[in-house]
Each structure stands twice: as C-alpha cells, then as structure tokens.
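The two complexes that follow have chain A in common; it is paired with chain B in the first and with chain C in the second.
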Partner chain A sequence: MARARKASPKKAPRRAKPAPKRTAASAPRLPKLAVWKFASCDGCQLSLLDCEDELLAVAGKIQIANFMEATRAVVDGPYDLSLVEGSITTPHDAERIQEVRRTSKFLVTIGACATAGGIQALRNFADVEEFTRAVYATPAYISTLKTSTPIAAHVRVDYELRGCPINKAQLVEVLSAFLHRRRPNVPDQSVCVECKLRGNVCVAVAHGTPCLGPVTHAGCGAICPSFDRGCYGCYGPKERANPAGLRPWLGRHGLDAGAVRRVFGTFNVGSDAFKQEHEAHG
Partner chain B sequence: MSKHASPTLPAPVLWTRGDMDRFFETLRKEGYQPVGPTLRDGAIVYDTLSSTRDLPVGWGDEQEPGAYRLRKRGDEALFGYVVGPQSWKQYLFPPRRKLWSADRAAGGLEFKPSAEAPPKYAFIGVRGCELHALQVQDKAFLEGPYADPYYRAVREGSLVVAVNCGTSAATCFCASMGTGPKVERGFDLALTELLDGGQRFVVEAGSARGAKFVDELSPQAAAPEDLAEAARVVERTAATLRRKVEPGGLRELLARNLEHPRWDEVASRCQTCANCTLVCPTCFCSTVEDVSDLTGEHAERWRRWDSCFTFDHSYLHGGAVRASAMSRYRQWLTHKFGTWHDQFGVSGCVGCGRCISWCPVGIDVTEELAAIRANDLGKDGEHAHP
Partner chain C sequence: MAKTRTIKVDYLARVEGEGALYLKLAGNRVEDVKLKIFEPPRFFEAFMRGRGFAEAPDITARICGICPVAYQMSSVHAMEDALGVKVGGMLRELRRLLYCGEWIESHGLHVYMLHAPDFLGYQDAIRLAKDHPDEVKRGLRLKKIGNELVTLVGGREIHPVNVRVGGFYKAPRKADLLKLKDDLEWARDAAVETARWVNAFKFPEFEQDYEFVSLCHPGEYPFNEGRLVSNRGLDIGAEEYGAHFQEQHVAHSNALHSVRTGGGAYFVGPQARFALNFEKLPAICRDLAKELGLETPCRNPFKSIVVRSIEIVFAFEEALRIVKAYEEPDRPHVEVAPRAGIGHAATEAPRGMLYHRYELDEKGLIVSAKIVPPTSQNQKQIEDDLAKFVPPRAHKKQDELTWECEQAIRNYDPCISCATHFLKLNVERTP
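The block that comes next holds the complex of A and B.
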C-alpha cells in the first residue's frame, strides 16, 4: 500500500537547483512523533524500525522527535503522537507515564505489555517480594510495584494496538490513520476471520489441534494457523471473547486443565477474559 | 446456467476416466480455468485444477459437529467426498476485492475503478446443495437495483459442472431443505460417478453450453442399466442422510420464539468467531475498508467478507446494535431460516452442513432449531418482543 519514494540511483544527478529556503516562519510544522519505552522487550519498537520502506515515505512528513531505539537526537515536546510500549511495573514509571501523557496530543499504546500488562503481569498472581528475594543478591535495591499494569490503567489512552509483537502493517495503518485523521482499519474480530479470508483450513476442526483463534483478537494475519499450528493468543482476547465456551473443545483436542491455565497465562494474562480463564483452572 | 437450456438437449452419455481427462483438455482449449476439489492441508478445498490428477482421487471425508477428517476410500473415486470448508462463493464473491483507488492529482483526486476481468471458470463438482446456494446468492447479487458487476461477469462466464452425491456426511441435511442430493437444475453438465462394475460417469447436459461438450467428446450413449445405476447412486445417498430440519412453518416458529431461553443457552457456547457465516455458501455480508498510505497521496477502497457475528457489523454511531452473543446468534439463525423468506422468497439455508462441521465448538443448527421447536413458546411469544 504505502509506496516508498526512493531516489533511483540510475537517475542522472539532479541539476543544481536551489532549494526554496525555509525560514522559521514559513516552514510547515511537521507532526512530531515520539516513541516511549516502559517495561517491555523492545520488540514492538523494532516493528517500527522494521518499517524501513514505509518510514522513508513518511520521513518528510513527520519529525521523529524521540525514538531512543533509532536515534539519540531528542526534540522537546509537546508531541503530536506518542507511541508507548511496555507496562507499568515501577513507581518511577508510574510517574513518567503521567509526564508522557501531559506532553502528548495523541497517545497510542502498542503491544501486549502496554495494552494488557505483558508476560510480566504473571507477577500479579504471585508474591513479588518472594521473587526479588530469590533473584537478587540485595533485594533492598529493587524498587518495584506488586503488579504489572497496562498504560490505560494509569492515563487516558487514545488508541490501543494489540499484539506480541504488533504487526508492522497494522502499525503503518494506525500511523497513516492518525496522520490523516481517519479511523484505523484494525478490526477487533477473531483470528478465525483472518484464517477464512486467507483460505486456511481450520487446524482445530480438520486436525484436532488446540487453537485459541476463536477467542483471540485478529491482527497477525493468522500466522500460526497458516503454518499448521494452533493460535496461542498473543493478540489477546477479541471483543466479547468466550473462553469458557471453548474450554470443552480445548480439552477434546488434548489440553488438560493445567495446559489450559498455561495457554491463557501468557502475554495477555492481564486482560480480563484471559485472566478469568487462567484463574478458572487452579 | 439453466437459462441457456434448449429443448433439444442430447441424451445422457457415458464417459470413462479417459474421457474425463479429455474433458479437462477441452475445457482448457475452450478458454476455461477449471477450479474444483483438491487435497490441501488435511481437507478437500477448491482450487485451480490442471488435470484430473489434481482431484482428490480415492479420498473421502468424515464429518461431525466441530470435526472434519479425510479418509482413504479404498477405490479411485474422483468425487467420493462430500463438501469441504470452502464454497464457490470465493470465486463469485472473493474474500477481498479492491473496488477503486484514488490518487491526488492537480486540481483534485483522480479515481480509478477496479476493472479486473475475471477468468472464465469451469466449476467442477458442484453439488445439489451448492447449485441451490448459487441460486440463493444470485438473488442477493443480481436482483434489485444494485447488481454486482463482478459477480455477474463470473456467473455468466462460468461453466457449472455438477455432481450427484455418491456419499453423504453425517452433517448433511440437504434432503430436508429440498436441495439434494440429486442435482435438478442450474447446471451446464451433471455427472454421476458409477463405481460398481468399473469406474464410469453418466453425463447429462443441462444447457446448450454443456451440450457442446457432450457433442464434442461424443462417447457412447448411456445404456438404460447405467442410467438406472446412476439413479440408484443418488437414492442410496439420500437413504444415508441422518440429519434433518423439520421445515414446516420455520419462519413463523422463529418469529414467535425471539425470547426463547435456548438463545441464551447457545450463546454460552457460541464464540461469535464468524466461522459459520464465512463457510456458509449463501452468506453474503461484506464491509468496506478505506485505506490511505502514509504520504496521503494514494487511497483505496476494499470490500471484504464480514459477518453478522462481528461487533463492527452492527456498529452505528455510539455503539453496536447487536452487542451480545445471544443477539448475534439469534440474528443469524432467524435470518437464515426465517426472514430470508421475507427478503428473497427462499430459505437462506441449503442444508450443506458446513456451519456444523466448521464451528470450532460444534454448534449444530439442526439441533438448535429442534430445541426451539420442542419447546415452542407459542403464539403468545410473538408479543413478548417489541
């Protein structure tokens, strides 16, 4: 869709033509994009870097004002659009997200950590102090919260983009939509819809493979079922997911209660529907 | 299609397996792209066929609610399977299709309609239920003021090669919907595969377009005993059908049971995943997506399959009309078996059983309808819903 405008090396060198001088007064103000990291693995930010061709297309249209994964150059806020990766796990981050919100016109959270608390939200079901005692030689130096929570639990969020990691095509779609003030095409339906649009044969029905597709939010393009694997829910619950209704069928396809607990206890365990199903199995 | 039928169609003929190969060659010579059943990823799907070797030779299937398995038949049957996860609608009403694109130009926007010419398909192996499904979708796409030009181009250009079912799945209920297993009309050619006493095919032309192939290949006329055997194949299949829907007064039954407790019960199992509607050969809902690229210089409008089971499908300003799983399931079932009659004058269900097999939690429409009928709230129920 988005086509890169690369300078063709075959072209003759451009004739020296003086570029129109831009003064502070006449230059159009470019929208400022900032990318912020909280508790996360950086994978979602890397999805943005992975949009190489698409970013070239947009390089003249936006100013990348704060993106530590890409450049040390930082432009002060306020920012037109902030992409926030990661969950809130420390008192310091709980304060920092307030500042990000204050300096951002639009705040979009990206990835399972920012939208659901991430895999680190498993701490919400356990004793964090016990972990710190077991892991660190001097636990007293560790300042951490008892929970890992999504950004929306702390500040107002304008848009949430799901996935672990997010899909780069969806990220470009969200950026395009915000830049051009239109609604992003990011349906909250099941992964099954993506399978059927691709013409995939259902791995659950035809192979008896346990698959979370029916309860999982679309967006990945049904990658796992396209390679003969069951969906493991890394985009979190679809709207009105019904994991309890799927339970007997996961059992029929070979998952015992412990396994069901584990498949719902991953990157999106902090989201309501998956949390409930995780807890329902011991 | 049947409208090309002439009163002087040739008598049924008998093809050998070799004639089937020659038939495929003739199709190609005539500019048709054969599409039909082939094995992929543990199922029989519809895809482009280059020869009869691409057909699922010797394969059948077993189906139950929420389960589909291939099985070896132990013979060389070409059409010894039932229906798989896909239907012919993927060719007439593609899952995704670009409708137009627009580019910024001096003085405004330049619109370009999507004008791709569809291939001339030969649909190989269309079953009785599927022929009816084509006719049901014709009503949605061809009748009324807004006919779909792409659908029309594919429909009018395609050759429909039907097959009488020699076997049924446990999920089939065509007989009770009056759609099969015998193919009655709406085909260019109809085949019946005979396996007892050597593999051969009784071939009947249903249109002048189909008759041309019968004349060109000109093998022997089918003998009376072959015709009798072909009739027995369909009778035997009909006798194996286990599922059924009691068709009498379905529309009224559903209309007076909108508050039936069964809707809540089925909603507790329903995933609202949309699989039933996407495998259904008559479901025709779509949505459009407008996309622009990062530069803002180029925009496109795409149509893609949608479903009454998604939240967005009934979204109006401020919220979705059908937010609950209960209201979505009820909408689908009452439309399919009830209000479809009001809208199109026919049932929306052809009894192919795909929605039963491919539901990931095995919800069975025949069972849901029976449950409502068994505990009919009666005429009073009609007033319970505003």
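The block that comes next holds the complex of A and C.
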C-alpha cells in the first residue's frame, strides 16, 4: 500500500531548492538512502546500478548512505528512504528487519522476494528440514526459518514495488516520487493492458499459449508476449485478481492440474491470489 | 609467545551477497582464515524436484541477478543433454551473443564499480567519478551497451525471458541487431582503453602456483561448450565432473567448498580461461595483452582486473562478429520431447565455470538437481590466497591490511548470492 504523502505537482520539492540565506557549511543536507538485502538474488538492487544514465545524477540528489553492494562507506542512520530487497528466512533476519524499520523514515520494498517471499517461499508448502537435508550434508550448520515471508509480514511498509526483477524505470520513478513527496506513478492494471498499449497480438487468444497476463500486475511492459511466450506472472497478482477464472483457459491450452499448480508456484507463490491457486491444484 | 591479532570484516562491501571475513594472526602466522557466507540458504536444488524440464531456465536464473544468463545457459544445455537435443547454427550463435552481453555487463560492473575503486583508494565508484568522471562515464556506457545486448536478445537485462530448452521463444531481427553495430564498435575501442587504464594501476606483488580450471573448446574462446581442462592435466567431459570434484560443507558457510578430488583448491574465472585459452582469443586481444606486458598464464590475482578488461574486448569483438554474420533462423527453437534421462553441462559464467546436472523422469519432470556455481569453487582458493597474502604484510596498519584483504577477495568477483544454493554432498569431511 502506498503511503507516500500526496503533494501538488506544482509545489516545489522541499529539498531540491536551497534556502536563500544558508552558507555552504550549513547547506541543506541531502536525503539519505539505504539499500538493504535479505534472502534474494541481488537483481533488484542491481537495478539501481543498472540505471547507467541516471546513476550519477541520482547520486547528486541523494546521499547513498548505506549500500553494501556499491560502497564500503557506511553512514549511520536514521535514513530518509530505505529500499529493502529480499525475504525473511532466518531468525537473525527477522530481528534485523525490525532495526531497519526503526532507522528508516520511509521503507520501500523492491521485488517479488520482499513483497511476496520470492521463489524461496516454496518452502512454505514443504518440509524445510527435508529441504535442508537434501541440499546440505550437515543440516545442523544451517539456521533457517520454516517459511520465507515478505517484509510486510514483519514491519510496516510504506510502498511496495513489484516484479522479479523490478523495472528500473519504475525504481527511478519511486525514488523521484519520495524525494519530491508525491505518490509514485506506478499503474496497477494487468499485463493485458500493457500488451494492448504495445500493440501485441494476444498470444492466448490467437496462438493458444497459456498466459497469466489477465491476472498479473503490470510493470514489465508485457515483455513475454512480445517475445511470443505467455506471461509467467513474475510481477505477481494484480489488484483484485481472480486466477480461478483463468482455469478453463489454462486447461484448454494444455495445462493439467500439476502444470497449473506449478505455473502459480513460482516467484510470487507467497502472495494470496497465487498461493490460493497453487494450493487449489495440490 | 607471538601476539595474536584478528582481522574482521563483518559485511563485505562491493561484492554480490552477504559475506564476512575472519582472519586470525599469531605473529606473522595465519592461524585461521574464513570467508564466511551468511547469505541465507534458498534451497533451489530441493524445490526444483518435481518441476518440468522447461521451467529450469526461468527458475535457476533467480539464483543470481548478476549472471542469470549463465544459469539459463547451463540449465538448457544440461536439459538438452538429458533429452538428446543438439542446438546449432544461428541459434548457437545467438546463445553466444547473449553470453557476450552478460560478460560485458557483469565484467563492466566489476571493473569500474566494484574493483577499480580499491586500486585508486576510493570507497566507491560514485566518489571515484568525482575525480575521474570520464573513466566512470565510459564504464557506465560500456556496461549499458552490454545490458542492451542482453535486452535485445533476451527481453530484459535481469532474468531474461527469451531463453528456452531448444533455443529461443523468438529470434531477433537482423535489422535490430545491426542497429547496435556502431555502439559495439565504440565500446570495443572503449574496452581497449579500459584495459590500458587498469593496467597502469599499482598491483601488490603476489603470485601463486594455481590450478586453473576452465572449459576448452578446440575452435573458440569458451562460453557454452568444451571439455573441462586444467593446467595440471585435467581433461574431462562435463558428465565426469562428479568423479573429479568434491564439495565440502563447513560450519562457517552456507555455501559448500569445492575441491579437486585428491587435490586441493582450484581457480575458475577470467584468469583461468585466459591461461587455458589464450591462443583462441582474437588478434585484438592477444596484441593488447602483449602491448600491456601481460604474461600468460597470469598468476597475480590482483591483475584479474586487467584480464577481465581484455575479456570485455573479446566479448565486444565476438558480438560484432556474430551481429555482422547473423541470418534470421527459420525457427527460433528446435522441438524437444520429454523423456527420462540424466544431463550434465558446464558453461562459463562471468565468474567462472558453472556446472548443472539434472535427472528427469519419463514425463520430463526433475527427479534431482545439482548446481555448482563458480564462487563456491573459488571459495577455498580465496581463503588460501589470504593465508599466503597476509603474513608478509602483517606489519601494516589494521585499516590498510583490512582493505587489502577485502581487495584480495574482490579479485575473484565473488557472487555470494550464487554461492549459497548448493548440491547434495557425496562426502563429509568436516569440521
């Protein structure tokens, strides 16, 4: 849920304009940005470093105060904006996220792990001790929780940016919105709308390809249908999604119950709508 | 009695993922060294069981946001091995082109943003950019062109969507690839300048007698195919991997250490590829190495930044070759039918060899999966380096020595997120 304060677009951003009488020594302080990692692949925070055209400009408007993937220098909190990547999977991380929340004015989660628990939330439907034995020779060395949960299950979250991975243009939009104290302009429609905007022929209707587009949150720009494949739901369910309504279509397009279970059992399996559909085909 | 001193870095910066360093010195002797990996486990090999063979490239990509193409490539090749499928012609070329893009963005990130600041004494690339704006901007543009290549072939730069077992969902149009030609030519020259720039850095005196391991292909610098070869006589197919390498589970790491069976640590990545495949590099790279006075094999891991830069030149040169010769294939993929089988593959991720093995049932569902990422293979080598690097420098101040140790770890461009999803162990040898 977005909680960014709304502001009129005409209103000058609070921190971008220096106050007239200040000397250089007391120049307005730049907002402090922190980037935190929990269980994840690093891809969403990499999106920030992948903003090759914007990175140096962004670094001129904000102070990168804590971003371990990018810098050795760490500035103590509190932080004006924290970006949180990854899900909570260990007892230590469950404590650490509380500290991150305490030290952050705004906390924005980035990506499917942080907003839905990620692919590692498949453990929520299995026996994690058996998982540990399957992967590690000495399970006693491994400290892990039985579940992988999104950040919002542990602390208050001010805004959630979807995607596996997130769209870097949307990340820049969210940064800009928080710096300017306005609501991020991130559409919450389905991937189908993006397909229409892009002028794609519908892969489901025209080609009979199983596609999660109707129930999936927009944001990627309908990449998969543009590459002649069905959407596989990596942005998670859109608002008020009804995956059960897709069942007849997916069945007609050749997916049996096991395949439907698996198609919803990926990066956003921890989100309610996809979780229900995953479990309904158990 | 010698005075005891410890060097600790609780959270390593400028590497991918969560790692720490613990090193205990008694006088000049290293008593203990641990590259600790506290990145939480995500159990990929466990939840891959029961999934369809066709799902492997999308799921395993999520092991690493920096090198997803490597996971996609090793998984599709292993599946094709299990299913008796061979992908050739332009589809094979497109796979190489996609890999070029990933090497460029990953190496570009490491050279400019993660490693160069160490040599020039900056905390990060943002601070470096204040004094060296032209170089950092050149690096960002190089990296961006690599990402554009991945996006054009794969659909997006992180977790591309276009890779499938048997080829691609859709082949790019020749006209779209040719639009990149001017950028690729600029970038190849910029990569040559990059190599000259980093070669002028000051390198610590540190050489070791390594066992380098990489793929070797008779006719090309390796991406997707070849035998696993070392400078100490290893020469095997990927299907023999399990007989020659072992993984050890140690208490301080959520990643497994790899060692050569009956041997010790080994070294994968750009320096290993460079040592074992030098003569297959195009002339532009060989001439550049000569101009820079870079010996082969290069045994100083701090010079990995130079080797990585030469590999960026290679990747742009190779991308240009493929783009110019590209013809749109009749079909974007070959047909693949499920069957029971076991498949193996190793491909060259930016950080080194990445091994996958899958067992499939008759419906094409995964019975077991095994994934050995490059960083877990280098982990023991990194610890061995530190044990030898520190004693002659034990007199240095704590801050300086700590930073040099971090730099020694960053030589390997460790990807700790990757390194934390391991395979089942055959042998228990610890603690």
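Following the convention adopted for this analysis, the second predicted complex is superposed on the first by the 257 of 282 C-alpha atoms of A that agree within 3 Å, B and C clash if a C-alpha of one lies under 4 Å from a C-alpha of the other, contacts with A are read in each partner's own complex, and residues count from 1 in each chain.
One rule holds for everything that comes next: contacts are C-beta pairs under 8 Å (C-beta built on N, C-alpha and C of every residue); 3 or more make two chains touch, one makes a residue touch a chain.
All values reported here derive from a predicted model rather than from experimental measurement.
Within the superposed three-chain model, A:Leu81 lies out of touch with both chain B and chain C [touch as defined at top]. Of the two partner chains placed around the shared chain by superposition, chain B is the only one that A:Leu179 touches, whereas chain C remains out of contact. Contacts of A:Ala114 after superposition: neither chain B nor chain C is touched. With both structures placed on the common chain, the touch criterion links A:Asp228 to chain B and to chain C. When the two structures are aligned on the shared chain, A:Gly43 is found in touch with chain C, with no touch to chain B.
Applying the stated contact rule after C-alpha superposition, one finds that A:Leu212 touches neither chain B nor chain C. With both structures placed on the common chain, the touch criterion links A:Val193 to chain B but leaves chain C unconnected. Residues 228 of chain A lie in contact with chain B in one complex and with chain C in the other. Those residues of chain C that touch chain A in the shared complex are 11-18, 39-47, 49, 51-52, 55, 58-59, 62-66, 68, 105, 109, 113, 123-127, 129, 136-137, 140-141, 143-144, 147, 155-159, 161-162, 164, 168-170, 249-251, 254, 256, 332, 403, 406, 415, 417, 421-425, 428, 430.
Those residues of chain A that touch chain C in the complex are listed here as 37-47, 49-50, 52-53, 55-56, 59, 64, 68-73, 89-90, 93, 118-120, 122-123, 126, 128, 130-132, 134-138, 141-142, 144, 164-165, 220, 223-224, 226-229, 232, 234, 259, 262, 266-267. Against chain B, in their complex, chain A makes its touches with residues 1-3, 5, 54, 57-58, 61, 172-173, 175-177, 179-180, 182, 185, 187-190, 192-193, 196-202, 204-208, 211, 213-215, 228, 238-242, 244-246, 248-249. In the complex of the two chains, the chain B residues touching chain A come out as 40-43, 45, 66-69, 85-86, 90, 95-96, 268-275, 278-279, 289-296, 298, 300, 304-305, 307, 310-312, 323-325, 357-362.
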